[in-house]
Structures are given as structure tokens and as C-alpha cells.
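What follows is subunit A paired twice: with subunit B in the first complex and subunit C in the second.
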Partner chain A sequence: MYGDLVNKLVLEAKRAQQLNESSKSEHLPMYQDDLVRNTLREIEQLKRDAELLKSQQELNQVEDKVARCQHFVTLLCMERNKRGLLAYQKLRSDTLDAMAWNKHGLDSVTALAAGEGADASLSHQEEEYLKDYTQIIADMKSGEFTDIDLSGSLTPPSDVFIDVRVLKDAGEIQTEYGVFNLIKDSQFFARQADVERLIQQGFLQRL
Partner chain B sequence: MDIDIDDILAELDRDTTAVDQTLTSQGNDTTVVGSDAVGDLVAKQQAAAAQTAAPPSPVQDFNDLLVAWRNERMCPEILAYPHLLMARTLRRVQQQMEHIECVSMGFYEDETRDAASAVANKLPLLCMEADLERLKFVVRSYIRCRLSKVDKFSLYLRQLDTQQPVPLTELLSSKELEYHERHFTILLKLLNSTILKHMPPELQAIDDNEGSVPMVEGPDLASFVFVRVTGPDLGRSAPDTDPTLEINDEGVRFYPVYIQELREEVELTVDGIYVMRYNVVQELVQARKAILI
Partner chain C sequence: MSLPKTLQQTFSPEEIQFIVENEPIRIFPRITVRSTVRQRRQRSSQQQMRWRLVTAEETPLNNMVATQTTEVALWLALLLKQQGKCSIVPPVWLTLKQLQMYIDYELKNPGRFSDLPMSWLVVAQLLFNRAADDLQDPVHLLRGKIQDLREIRQGKIFQGLKQLNESHLQLDNLSILEINELRPFVLGVMNKLKDLHASVADEEEGA
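Right, the complex of A and B next:
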């Protein structure tokens, strides 16, 4: 039926959203290229139908109510398809935004695509969008908000010092406030502000 | 016979505190007038503000920031950006960071002389750092909240025309305006290249309100919010000066508001907490006579 494809697409989007909500992490499933393309083809066909109806109407020169209704229904179907497609794409781009905010601006900005693990599932337009968006965020953080680390943690700070445990990394990483030698499974008593970034990157675990 | 001498005592009190006030305001002057980093316009506005009223103290500014933050998080629409307040706050953050830096440098010098006293005096430094972290968290949370609203209402913001009571430059900071423009551009580029390009031309509009479903989502002004009535200007200025404040039979001060769809008038007493539709209390919130919680 009309709009079945786009219905599938919306269901897909819904599932992705629920997955993200339940696991509290951003994960982007594959871009449904086939479905999108088929929906676009359906729109094209509907468009041809609508034009045909219009030309017939002009040929007959009579105000045919049935033909007008047909025309209206095809228009509605096109609109519905458009709505579904846009909703799907917007949901994906919102997920990309959240990714860019959460995993961004920590020490390795350029390695964003590598750290994601989902770059294969993005369409190349989305990759471009993600790159542009990270650039925007980086520009936002310069200027007057330099001192406020905008992509920093959104949970309020409670203690000055916290205990952290090293989860996976080995080697010296942090050089901003002196060097920490991060050895796997070792434990630190460090200032919260210093280790905030490492926690976000997943190197440290909070205790 | 009882003679009420409270006003005379208050006058005496004011005499003694007057000296304190000049002292503290001198201290504040350095923080407020020394605003060369913020730009001429803001400095001028601040100077004008400083002439009319005493310069706002850091504590007052922080309380204002908290109120702005809470309102922003609870409010369905974007509230006007507090330009002056944020400029002051950001400058203070910068100064305080430099100050902490200097103080900790000083510690290093002391440590060579006598280590014991340096270690003993770590507590103020720790407190300053923790305080700064908290302030930075509030600012960060505030800005992020505003940015998410900008994202949500970007089409609506673009359609706001000039007849709005608050122009867009007042509503958003320059940074937020830039973010809004650029994010909208790249989002449009994405949608165009993936979907809209393949559409028939009459369906290519992204802000089409004539279709079966309007595509521009404005803020839902009729949503419910918790609101606490604080009285005029958060209880700072004298309550007698507010013309909209009324007193009912039991001597309680209240604001009368009118709910349109129910055709009902409600008395919002000062210090009361209510659940109201936002559009009913919008003016009170904007005039800082009530805060959202």
C-alpha cells in the first residue's frame, strides 16, 4: 500500500530511539539506504500520477469531483512520505548531535570518527554533517566560553577529590596538570576536574 | 504607652552600615568598572547601570544566575539572554581562575622557605577551586540548556518577525545566534542532499505550514509549570511600589491573573506555590515577580 515503506522506516527510527534510551548510550544503526531510495521512488511515481490526473482534467475541461479527490489523495500520500523521511533523517541527525556533544572536545578531537565505531553505518552526507557540527561546537567553545568547558560533565560536582580506577589504558596520558602514569587496574586519588575528561573518554572508572 | 521607634533605629543602623557599603562598593567598583575585556558597549551599559543603582554584588549576581538557570530549565520557551549578567559572570570566572593560579604559584615560592605553613593554608585554595567548579557547572548547564532549545525551535526562531516584543539579538547572545545560523545551515544541507532534492518542487519547503501538518514547532506555551510567587523583583524592592499587587480581605498580598480558556480569575498570593499554565504566569515570570521551580 501507499506509505508502507515509510512506515517501516519510521518503525526503524522508533526502535533506534528506544535502544538509545534503554542503554543510555548513542548507537546509530545502519542507514536504511534501500528503504529511503524506494520511498523516494514511490514519491516520484505518485508525482507522475498527479501530473497525469491534472492533464486529463484539463483535457476534459469538466469539473470532475472524483478526479479532484484522486489528485488530493496522491498529494496527501506524497506529503506523508515526506514527513516520514524527514522524521527519520532528523532523528538520526539528533543522535549524531548528541554523539558530537558527549564524546567531543576531550583530548582527541580529530579521532572522533575512529572512536565511534559506527562510521561505516553513516551515509557520507551524515559524515559530512557530523564533521561540520563538531567544527561548530569547537567554535562555540572558543571565544567567551573558553573558561567554561561546554562539553564538560553535566552532573554537578560534589567533592574536590575522588577515587578513580584505571580501566583499560596503559601509558602516560595526561600532561595538562602534570603526568599521570596510567597503569591498568591501578587506583588514583585525584582532583575531579583533572580526571573529568579521562572519565568521559572511558579510560577511568569512578569509584 | 508604646512608642514605635523601629524607623529611628533603622536610620541609626543605616548610618553605621553606610561606611561598610562604601567600602564594599569600592571593592565592587574595581570588578564592575574594570570591564575593558568585555567590549565597549557592555561597559557603557554597565556604567549607566552603575550610575543609577549600586553595582550588583557577586552574591546577588550568583543568585540571579541561579534564578535564570532554573527558569530556563523549566520554561517551555526560550527566555531572553541576560547579557550584562553573563558578561559579568564570565569575567569573574576568568579573574578567579587567574587569582587561583597566582595564589598557587605563591605557594610554590613559600614551600622552599617553610613547607609547614604552606600545607596548612591549602584549605582556602581548595574552597576557591570547588566554588569555581560549581559556578562553572551552573553556567555550562545554563548554556547547554539554551542551546538545546535553540536546536528545538530553530525553524520557529527563524520565522520570528520584527513585531516580536523581544528582537532576536536580545533573545539570544551573539554566540547563540551564530550557532543557530550555522547549525540550521548544515542541517538543511543534510536534509536537502538526502531527501528534499528528490522531492517534487512544491514539497521541497522545510518550513511548510500550509500542509496537513505544520512543520514549524513553536514552544508550547500552554504547558504546566510549577511557579513560586516571590513578590516584586524577588522581594528586593519595596512591595508598595508595585501597582499590580493587590491586597485581599485577609490582608494577604496577591497578584490577580486571568485564565483565558476557563474565564476564571485566580489570586496568586505572595510566597505561594502553584501549578499553572505557562502563558498565564508568563508576564509575572518575565517581570521577575515569580520564579519557576
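Right, the complex of A and C next:
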């Protein structure tokens, strides 16, 4: 039926959204290439119908209410398909934005490949988009607000010094204020500002 | 987006605590920072460490005299307390007698909330955890009273939720934390009610 495909797509998007909310982290399922392609094909078909109806109407030159209604319904169907596609894409791009803000450009701006576990689940256009978006964020951070770590932790600081435990081996890591030798299961009493980034990257656990 | 979904509509409890930590509180310093006249004369030769703050008043800090009360921001008081360099003067409402008066008021007036300070829950929590030895009354009794107050008020809040409507809501003397935990629910319901109301009004106008 009309719009069934796009309905599937919307349901898929909804599932992805709920997954993100329940796990409190960004996770992007596969890009539904087939569904999107088929929806687009449906839209093309509808468009051809609409054009045909229009030309017929012009040919007959009579006020045919039925034909006009047909034309109208076809347009509505196209509209609905478009809305579904846009919603799907918007949800995915929101997730990508959140990823770009959370993971990338901490401490050293890591390559996309390192941050993205699921590169295959992105479409080509989305990859491009993510790359450009990360670039925009980087530009903004290197521009006016160099002193502010805009993508840093969002919880307000409560203690200056905190205890951290090392979760996985990382070798020596140079922080701005000296060298830490991170050995698994060792514990540090460190300044929160120094270890914030390592916590975000998952090397340290806060105690 | 740059801000995670959970933070877009409301404050997190940590942020509430952060806001409250900016309030002034009285302390008994255990160190003397005020320099005597003689020291002040000598200062040209040896530079003394002074407090230099951007977000808070620094004169009370540079004039601390042991056992003379002074007023500083709560976050500073907690920081000094952690190092044993001051004791915190508990706020006037944080005594068994005063709390009992509040409880009596709450019980006598089922329609309204007693005028506890806006930050009572957070301040009580912070002081119980980090300055328990400075309170005048035993902590477990105070904790009990606070818990009583909280439960009474919670009951009233739930009663008040029956009054939710599309236009307004009056919540005098509700504390910052209580409002914060209500916000997502109340706003959602009131927005829905408003939408419903608007659609009915439109229809009436049309008819």
C-alpha cells in the first residue's frame, strides 16, 4: 500500500531512538538502504502519476473533479513519504551530532575511524556529513573559544581532586601537567581537570 | 545536539547543587588570614598569599580571623571544611526546634507549603554529609525531621497535581529541587492540556 514502506522506516527510527534512550549512549543501527531506495522509487512512481494526471487534465480542458482529487491524493502520498524520510534522516543525523560532540575532539582530535566503531552502518552521505560536522566543531573550538573545553564534561565540578582507577592499560599518557603511568588496576589521586578527558575516553573510572 | 537530551529541558541534580553552592553561609574560620598592621608594612618586602576570586567577594576571605564568624559562599565553606580550616555555622532553620515548627505548620495548613528557604533540601543534604559535626542537634534526629518534612510536602505536591490545568499553577515556597523533579511531568501534561484547550477554543470560535 501507499506509504507502507515509509511506515517501516519510521518504526525503525523509533526503535533506534528508544535504544539510545534506554542505554544512555549513542548507538546507530544499520542504515536501511533498501527501504529508503524503495520509498524513493515509490515517490518517483507517484510523481509520474501526478504528471500524467496533470497532462490529461490539460488535454481535456474540462473541470473534472475526480481527476483533481486523484491528483491531490497522489501529492499527499508523496508528501507523506517525504516526511517519513526526513524524520528518519533527522533522527540519524541527531545521533551523529551527539556522537561528534561526545567522542570526538577530546584531548587530541582522534581520527574518525578510531571513534566510530560502526562505520559500516553509516551511509556514504552520512559519513561525509559526520566528517564535516566534526570539522565545524573543531573550527569553532579553535576559533573564539580556545580556553573553553566546549565538548567537556557537563556535570558541574564538585571536588578539585578525585580518586580514579585505571580500567585498561594505556601505557604512559602525557597530560598537560605531567606524565601519568597508567597501569591497569592502579589508583590515582589526581586533579579532576586533568583526568576528565581520560575518563570520557574510558581509560579511567571515577571513584 | 551539543547538549544531551536529558539536559535540554531541565536541570540535573548536580546542576541544582551547583547553583545552591553559590549561596552565602556563615562560617567559623580556624585560621587567621587578616594581616596585622606590622605585616602590612612589611608586605613590600615579602608578598603574602591572598585570595583572588573572580566570582565571589574576596574581602571576607582575606580578613578571616579564627573564631570570628564571617560569610562566604557555600562551596568555599565546604572546601575549607574539608581541610579542617573552618566550621560551618548551620543555618537558623536547621535546628530540631525550627524544623518541628515547620512540620507543625505543614500539618496545620494542608493547602500551602511552609516558607522554608528555596534550597533547604540541598543544603541539608550537603551539611549532613560534609559538616555533620558542626550541627547543633544530633544528625540522625535532624535527618528524621527533614525526611518528615519532605514526605509531608511530597504528599501535598501529589494532591496539588490534581489541580493541573491549561493556564496556570501556583506553587509558593516550593524548593528548587522539588520543582526540578516535577518539571518534566508537569510541563508535559500542561502543554498537552493547553493544546487540547486551544483546539476546543478554535472550534467554538469557528461555530
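General observations
Just so it is clear, the second predicted complex is superposed on the first by the 203 of 207 C-alpha atoms of A that agree within 3 Å, B and C clash if a C-alpha of one lies under 4 Å from a C-alpha of the other, contacts with A are read in each partner's own complex, and residues count from 1 in each chain.
In this text, a contact is a pair of C-beta atoms (placed from the backbone, for glycine too) under 8 Å apart; a residue touches a chain by one contact, two chains touch by 3 or more.
Model, not experiment: these values are computed from the prediction.
Within the superposed three-chain arrangement, the count of touched residues of subunit A is higher for B, of the candidates subunit B and subunit C.
Of the two partner chains placed by the overlay, neither subunit B nor subunit C lies in contact with A:4. By the touch criterion defined above, A:21 lies against subunit C but remains apart from subunit B after alignment on the C-alpha atoms of chain A.
Once the two complexes are laid over each other on the shared chain, residue contacts for A:172 go to neither subunit B nor subunit C.
Of the two partner chains, subunit B and subunit C are each touched by A:97.
With both structures placed on the common chain, the touch criterion links A:156 to subunit B and to subunit C. In the superposed model, A:136 makes contact with subunit B only, not with subunit C. With the contact threshold set out at the top, residues 97, 101, 150, 154, 156, 160 of subunit A are in contact with subunit B in one structure and with subunit C in the other. In the complex of the two chains, the subunit B residues touching subunit A come out as 90, 93-94, 97, 126, 129-130, 133-134, 136-137, 139-141, 143-144, 147, 151, 175, 178-179, 182-183, 186-187, 189-191, 193-195, 198-200, 203, 206, 211-213. Residues of subunit A touching subunit C in their complex: 21, 94, 97-98, 101, 150-151, 154-156, 158, 160.
Contacts from subunit A toward subunit B in the complex involve residues 36, 40, 43-44, 47, 76, 78-79, 82-83, 85-86, 89-90, 93, 97, 101, 123, 125-126, 128-129, 132-133, 136, 139-140, 143-145, 147-150, 152-154, 156-157, 160, 191-193. Those residues of subunit C whose C-beta lies close enough to touch subunit A in the complex are 1-5, 7, 12, 14-15, 17-18, 79.
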